[in-house]
Every structure is written in structure tokens, then in C-alpha cells.
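Got a structure for you, questions after.
Residue numbering begins at 1 within each chain, and the chains themselves are lettered A, B, C and D in the order written.
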């Protein structure tokens, strides 16, 4: 079994993106599955092209994308991608669109095809906060969630895909400084790597 | 130099309290200062008695108390303790009081006497989210913040004291489960220990 | 033009539900459209049955459902309903299901067919906080958002539908009391009625 | 009985400040007490000078200051002012200070001398969300909370003072627009006026 795991380059003025940091630290094998790591651009359209090239080259059984959800406190396993791009900030090539479809003519949404509940539970069993999320937003993360589902549904039958949102790294929040008593939530890089391994184990389990 | 560092026993239905977990993992020496670890009860009055006994036994230069602030995302170095007990939940012996003084006849508040800004900055320099907080609440954490300041001001001149609030541990949040996409923020135990070491280094630095 | 506007009975231990309170205060005519008010049960399945009966009796052009989103601060115009019931609390007849479809065999989601951006902008033009939301949750509100879209798509072509989430009423929050400095957000009943009128005006406008 | 009620001019890029808007709409008499309305600058030092001039001119029995707490959802009756100015943004004359005393040589804090619990309860009895707050921050609102207490304690014995934080007005949030489902909480101007009347009634009651 082969799993393509993608992470994004930094965006929104951040120096790092915890998603690619985490993906790059995954081992080559998890629960017997071969892990293929891929960095993708935080850009409308181009992110999907880079994934499709890797999909053709590696022919993975599962595509699992990871993205930063600044402000969320726990690992969130996304349930659904919707057919809309509605960017409140520009992506890394300056695209900022309002209420445009990810894939013109596609269905309104796709549920992901990885076992979201088992993944969240497996992560929590490792004592790491996790839950199911019902919105991946309308920026590039949702673009990829929906786009990969559509790609598979229309061209690569039999493959499965999913999306996991992860919090800021502590260093991202620490750099923001300030005296507010709350501040944005974060999660250590080690914990994020462990959470990803747990999620992937759940995927492998349900494939057997 | 001797520093008495206290942590609380669990309260509010939690199985663990990150404060005593963290305190128990501190090394015996930090930046040349001797660390004395102490567990204190989450109880009005009694918490201060246990601290005063340790204060007499060990004669520390600094008393640094640590408590859990569930819902906060970062290490918060408290600036001030106020002379009020206003408990929205009972303490561990069932005391639940409204608008009562911590120390009848005491001043309305005390600023802590450890270097709060240097402590927060030193923690952030280790890439750990931290900030100054202007309220320690009105439960046992504030009771201890104020009470120790008053104890020192009235009976043990020359000593210094402070209070640090720390977030939930990831395991506390993970056990709560749920499908909410947000969840409560948490911080890894390792990071909390490192943050405490950084804070104590800042205290030692400003003592020289 | 006829618009069926529905509100829910109270649920989750609340004495009132701002949605039916607001719906019951709407005038009989808004921007020339006839308004038909309907209370629906906060119950899986039955909520949709009651709507379908009213749909047959009144033959409205638009079905606009309203629900309470406790914790949200502004009027949120929902973009999408998803084909999942995942109830973290029981509905008013004790149903509590996990990851069940709203309509077995239906598509994963439907975008609503009212002009969400114009509705949100029209509300904000009245100086009332409003925005587009990308998740109606997975409780009865989403059940109805999805279910009505599916009903129309499969049986009542040409009709349109939408869903609006509104905050708590101030009285709901005031009764909770407490000394927290934050508390849950709320919105006055008058303002909610005005927001609904503005939203309906936007629907009527785009129908001409 | 005479009550001086102050509100601030706008700051932080806002076009209006709900505090002066609310104060200007208070009636001339509340529960038999004469109300004197005063706008004060959002400026360190100068805000207190303007209050002291009015205090000398009108000789009020109570000074009740009102300020905007953007992000808070309910009326918060402040318990305490602390002797620190720690501005995360500049005030309206460009002053931005770190950890400076409001009044050099003053005590660390003052509890306000109006009946905070009765005030919060009276507001809630009108079905308006309200609570006691234990921090007025460290910007000009706290500056005034502390400064007026100190002024009274040192020069005008027998007078009483307090501070109330109020949320954003709906129009302030509506103008920010955006598609976030949450947004900042707000409260209608009418409700804020009614809350202030209730708070003042509680003050008058406890003076008899």
C-alpha cells in the first residue's frame, strides 16, 4: 500500500507551514504502508496540478493532504470538501477569488473517502486532541480537499483521499509575542507527527 | 539561591493537574538555583498553610506557584493577585465563597515581585507561546498569588513570589473527545517543563 | 411571490428558541412577497415532514429556514447542507445518531439556492453583523438545510431554499448569569427581525 | 444625589465609541439621581485631568466611567483597577508605554467602590447579559478605573467610583464585513443604555 501525503508551503505571512514541516518528518513506512512525501504550492489550481503529477508518477492508493488551520486547537480530520473557492486573502500567486467553483460542473461537495471517525479516535487514543471538522474553509485547503476527491471520482477510480488540518506550531505563536493572556493555540511538532502516524494507521487498518 | 516551586493537586473533575505534573518534572538545579518541589491542595486557606510550612522549613528566596488555566493557550505569567475569593465552583474541600477577602484587612492587590516581562520573553525565546496576564481569576490560583504576596509582605521581608498559569495537557483535552473542530487548547508536558525552566532562569538572572 | 419561513421549537434545555420567536414577528408582507410562518419540531425526520406538508399546502416559491446557533455572534447565511446527521446531543424526541445520512442515496451536499452573498450584504447594510457560513453543523439545522434542498431537487423543481443561523437572544444569555467577563454573544430580537426582513428583500430582488 | 458618567472618544481606528454614544443617550435623571454626562479623551493622563475638572465643577457623589471592550459579549462591571499602564496600541495622542504606573507611589490596585454584584444582577434582571470582570486591561480604561479611585482616595474622600465595559455596537462589527461565521460580538445601543440605567439604579439603591 502506498500513501501520498502532501503539505503546503508557507502562506499568509508565516515563515513556516506546520503541514510541510510535519509531512517531511514522517517515516518512510507507517503500519506497513509506504509513505510518499510531497510539498505543494499554496496556489489555486497549481496545487492540484502538482498533486496530479505525483499521483501519476507514484500511483498511490491514498492521497492524504495536510494543511495549517491557524486558530484551531486540535487536529481536525475534515469530513467534506465543497465546490467553492472564496479566498479572504490572496494565495501565494496573488489569486483572490469570490464564490468561484473549484471544478466547474462538479457536484456541490464530496465526502472524503478515508475513515474520519477511526482516524480521530486513533489520534485521541495517543492522548492527542483531535476531532472531526465539518468545514475545511474556502481557501486552498478546501480547494485541495474537494479537488482531489473530484480528480479521483472522475479519473482515478478506486483511490481514496482525505484532508487533515493541524494547528500552528508553538514557534509561530511565540514569535507573535504580545501580552494577551490567551493567544492562539498551538501544538508541538512531535505531537503533530505522532498524530499523522496514528491517522495513517487507521487508514491502513480499514484497508485490510 | 533557593526557589520553592508549587503545583496543585487535580480539581474540577480532572484526573491530573498539569501544574503538579510539571513541577514534579523540574530538575533539582536550574541556572544554579536549588529547586524545591511542593504539591499543595486546591483548597482555600489550606493551600497557603502548606506553603507557609514549606517556607519556614526551607527558607527559600523565591516562591513560584504554578496552576492550571484550562482554556488558555499559552503560558501566562501573572502580574497581580487581588484580595478576593469568588469561587464559581467548589474547591477540593467544598468551599465555595462569593466576594470574600483572601486576607481580611489586606490591601486590595499585590503585584508579584518576580520579573514578569523578562520571564515571558525568556519563555518565548525558547519558541514557546507566553505572555503576561493581568488576572489570575478569583479561584484558588489567585488566592495563592495574593496570599503568598501578603505572607511575604507581612512576615517574611526580602523574599519574592510569582505565579504562572499553564494550559491543559493534551491528554486532558483528548479525553474530552467530541467532534467540535476547535476544542480546548493544550500544551505538551515537555514544553511546560521547558517553559518553567526558562522562567526560573529569568528570575535567577535578575537576582544577580 | 410566496416565501415559507420556518423556525424551530426550543431545544437543548433552552426555554425559548430565537428562530421561532423571530419568525413569528415577521410581517405578512416583505418587499411585496407574502410571508408564511411555520414552527417546526427540532426532530430528525419529523422537521422535514412538517415542512413538506406546508410546502404542499402553500406552494411557496422559496423555503427559508431559520435556526439558533448558540455561540455565534452574527447572523450567518448558510452556504451548504451536507448529507450527514451526527448529533452530539439528542433531538427533541431523543434521537442521537452518528454519521447517518439525512437522505440515504442523496448526493453528499447541496448548495442552497438563495443569493447568500446578497443576503449577507443587505443585512450588513442595515448595520447588523452578518456573514456567510460554510457549515450548518450536523444537527437538525443541517438536517433541514440539506433535506429541503433534496426535497426540492427530487420532487419540487423550480423552488428555492436557504438557511439562516441566528445567535442567542440576550435573555437566554442573561439567564445563564455567571461572572465570566466574556459570556456567549447575543443579538436583540428586534435586530434579528430586521435582519430577516433584509435577507428576504435580497431574495425577492434576485427573483425579478 | 449626582452621578458623573463618562464615555470615551473613539480610538483604535473605530469611527465611533459605544461608550460616549451610550452616555450621551442617558436621561437627565435616573432613579432620582441627577446624571452629568462627560466625554473624555482616550489619552493617558489627560483623561484623568478632564475627569478631575468635572469633579471639581459638579461635585458628584459617584463617578461612573464607561469604556469599549471590543471582543467582549456582555456588559462587564469591573472589580478592580491596577496601577499599571501597559499599552499594546498607542492612545489618541500617540502615547504607548510599557509597565509604567498610572500614579507613581500609589498602591498596586483599588477595588471600585460601587456595588458591582448588585449592578450586574440588576442588568441581568432586565434580560441583558452582564457579569463581573476581574481585569479592565492595561490601556486607558484601566488607567481611568485606577486613576479615579486614587484621586478619590487621596483628595476627595466620601465619593465613590466604578467602571463598566461595554461591547462593540452592531454597526461597528457590520462595517468590518467578512465571511467569517463568528465575527465579534456586539450589543444594540438601546440595550446598552438600558443596562447603564439598571446599573445606576443599583448604585442609587445602595446609597440609601
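Here, contacts are C-beta pairs under 8 Å (C-beta built on N, C-alpha and C of every residue); 3 or more make two chains touch, one makes a residue touch a chain.
Remember, predicted model here, so these are calculated numbers, not experimental data.
Because chain B and chain D share one sequence, their contact can be compared position by position; here over half of the interface residue numbers appear on both sides.
Taking the mean Cα position of each chain as its centre, B sits at the greatest distance from chain C.
With centres set at the average Cα position, the gap from chain C to chain D is 37 Å. Chain D has its Cα centroid 30 Å from the Cα centroid of chain B.
Per-chain CA centroids place chain A at a distance of 45 Å from chain D. Contact of a single residue of chain C with at least two other chains is seen at positions 86, 132, 134-135, 138, 178-180. Interface of chain D with chain C (complex): residues 72-74, 76, 120, 123-124, 126-135, 165, 170-171, 173-175, 177-188, 190-191.
Within the complex, the chain A residues that touch chain C are 79-80, 82-84, 86, 98-99, 107-111, 117, 132, 134-135, 137-138.
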